[in-house]
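For reference, the structures are reproduced in the following blocks.
In what comes next, chain A is part of two complexes: it sits with chain B in the first one and with chain C in the second one.
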Partner chain A sequence: MSEIIWEVFVQAAGGEPHEHAGSVHAADKEMALQSARDVYARRGKIVNMWVVKASDISSTEPADRPSFFEPGDDKAYRHPSFYAVPRGMKGF
Partner chain B sequence: MSIGNLAQLAPSIQLLLELSDDRLILGHRLSQWCGHGPMLEEDIALSNIALDLIGHAANGLEIVANAGSDVGAGANSETADSLAFLRDGKDFRNIHLVELPNGDFAFTMLRQFLFDSYNVELLKILMDANNHGSEILAGWAAKCHKEDLYHLRHSSNWVLRLGDGTAVSHNFMQEALNLLWRYTAELKLPSEALLGTLGSNAIKLESAKTTWQKLVTETLTQATLMIPKDRQAFANGGRRGLHTEHLSHLLSTMQVLPRAFPGAQW
Partner chain C sequence: MSTNLSAPANTLKNSADEPALLAQFEARIAAGETIEPRDWMPEKYRKQLTRMMGQHAHSEIVGMLPEANWLTRAPSLRRKMSLLAKIQDEAGHGLYIYCGAETLGTSREQMYDELLSGKAKYSHIFNYPTLSWADIGCVGWFVDGAAIVNQTTLAKSSYGPYARAMVRICKEENFHKKQGFEICSILANGTAEQKAMIQDAVNRWWWPSLMMFGPSDTDSPNSGELLKWGIKRKSNDELRQRFINLTVPQADAIGVTLPDPDLKLDAESGNWQFGPINWDEFKAVISGDGPCNRERLTAKQTAHAAGAWVRDAALAYAQKHAQ
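The block that comes next holds the complex of A and B.
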């Protein structure tokens, strides 16, 4: 069986983001969902699940870090940290 | 609890004993895959299903044990544990299909598919208390049905992929079907307890069998497998305590600890 690696994303409640849980091996997407269910959903608290072929994910390389991310670090005026967050607002 | 005393129990309780024994024995068989699965993900899946089935059995046997105490069926009151671990093979009411050794992965998966597909239909009838008047049985059946639906999805996916996979996987699956098909006669054979539980609603078993036949035929055809025509059933005594030799060997492993160290705790 050709083994493909699938990345698994799980959602803890409706409206919450899907978060990366780990990965599974499977030959196709239905089996990947099944394996993901058995490996990552067996302890409950999951309402939805995605599986994505690991090879379909485009990722930055460590070498990209200086040009991709670091320019944002020293431009504090771009950071959303100068606003008073209204009381009662969560998940901001 | 002796067989004589069991006969005093209501048919719905005897039925719960039969169906719980199916799940206890099949659950034990699946648990034997733990650490031996073809890959980590499947190893966990098989153990999950084993735990589901053993959980159903524990719930069912507890109901049976309580009902047995109510009619004074045992000098010492039975518990789910005593029914599971201190009963002899001749008092087990499971069908032969579930006690067969696991064989290879294809054999285990096909057996699971045959079991899941029929039980999903049977439980649909039992989870409606209007069909038999027992809320307890209906509640038990509803919990099992929900989990069996997932088991069926899992097992039918494997039957499709191995049957319609490579030449090697196809041959393993076809050989499993040749060996297992004759055991489906007992799977569908209604026991005295089932007929007694359903009464005039036993007619509904016919449509369950038709639905099962259709689903199994469609799945096996899609999996490019041939149902053997020359492999007819030759025995069906599980519900009467007549088992294959495999059950004794299974029980010797499953029961050795509670029998050697009664009341052991850890």
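The block that comes next holds the complex of A and C.
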């Protein structure tokens, strides 16, 4: 049985980001949406749902984490705390 | 550098790297880090998790059967709706865990085949029959109650997909226990016949429920590794004690007697001491000789065979309409 695995992303309320909920097996996107609703939306005010074939999702590899993300780890000047303003200034 | 999410994890490594990788892995566990599907992991970790998650998922699915037994005979529409919702939840819970388990590299098909062939185990508790409506109450109160104790601690499992499935399940499980307890409490305060019915159910479900936590860890061959690697966080005995401590006052509150004359509160520790568990019964039931083992397996095999045309039709339709 060569069903496709679909990753499911659920939007809990208007304005919220879609969040990964898990996966479903389904033959096509319509059945994937129906299964995803039955499995991941039994409760709560789910307003929207995405299903994406797992084979269409590209990801980084754990082994590459240090080199791939490192540039973001050591730049303190990207954070507000790096900067000095006179004490008592409002709006900072 | 980038990989496809559904590609199998590269588990082939130079064997000379193993000790260093293992040390790194165990340091991550010790630091409370979460292991994700594409992280390096010892083969034994992968195997233990696959076995444990598989058994857990199978248990949810098989667990639907003893409750479905009373669906058409629920005493009222309200009770029928809530039992149906509970059974639907169990299906969903099984699916959450199967989806988490297949990230470890074993296909759904293989896992499910192992259930249907009898090769894979599932929680022994579901090999007991639901003989009366009161049993449905006991299943919710004791069996789901025990599951909650177990699953709450598993929500901190070191393996990300398992922990996340547990978090999701825990949010939904509380209604199961309350639904069951409500049934028990109403029967326990009902007619003489109802009181007798609930007491009989309690007498039959109490000890098997305690066995759900598994043998004492000294007798449990897998416990050591599971605890060392954070797959489980608490010992079988600790969890069993927690469940008993929670449940004794609940039984007291509704006036049912737990069938253990040795139950005694140890004031110093706050723990309820309890009598000896019949582990021979557990061994028999888990290895195929319980009241309903054959019935459960046959039901799943029949359902799988009967549903084949639906799966085939869906696939044929999808292939016909594929862009």
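One rule holds in what follows: the second predicted complex is superposed on the first by the 77 of 92 C-alpha atoms of A that agree within 3 Å, B and C clash if a C-alpha of one lies under 4 Å from a C-alpha of the other, contacts with A are read in each partner's own complex, and residues count from 1 in each chain.
Convention: a residue touches a chain if its C-beta (ideal position, glycine included) is under 8 Å from a C-beta of that chain, and two chains touch if they have at least 3 such contacts.
Bear in mind that the values here come from a model prediction, so they are computed numbers and not experimental data.
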Subject >> Touched partner set for A:34, first chain B, second chain C, both or neither >> reply: first
**OP:** Would you sort A:25 into first (chain B), second (chain C), both or neither based on which partner it touches?
**Re:** both
**OP:** Could you look at A:42 and tell me whether it touches chain B, chain C, both or neither (first, second, both, neither)?
**Re:** both
Original post:
Can A:72 be said to touch chain B (first), chain C (second), both, or neither?
Top reply: neither
**OP:** In the three-chain superposition, say which chain, chain B or chain C, touches more residues of chain A.
**Re:** C
**OP:** Give one of first, second, both or neither to describe whether A:54 is in contact with chain B, with chain C, with both, or with none.
**Re:** second
**OP:** Once the two structures are superposed, pull the chain A residues common to the chain B and chain C interfaces.
**Re:** 1, 3, 24-28, 31, 38-39, 42
Original post:
For chain C, which residues are in contact with chain A within the complex?
Top reply: 1-6, 36, 38-40, 85, 88-89, 92, 95-96, 99-100, 102, 108-109, 164-165, 168, 172, 311, 314-315, 317-319, 321-322
Original post:
Okay, in this complex, where on chain A does chain B touch?
Top reply: 1, 3, 24-28, 30-31, 34-35, 37-39, 42
**OP:** Note which residues of chain A are touching chain C in the complex, please.
**Re:** 1-3, 5, 7, 21-28, 31, 38-40, 42-43, 53-55, 57-64, 68
Original post:
For chain B, which residues are in contact with chain A within the complex?
Top reply: 39-42, 44-45, 48, 150, 153-154, 157, 161, 165
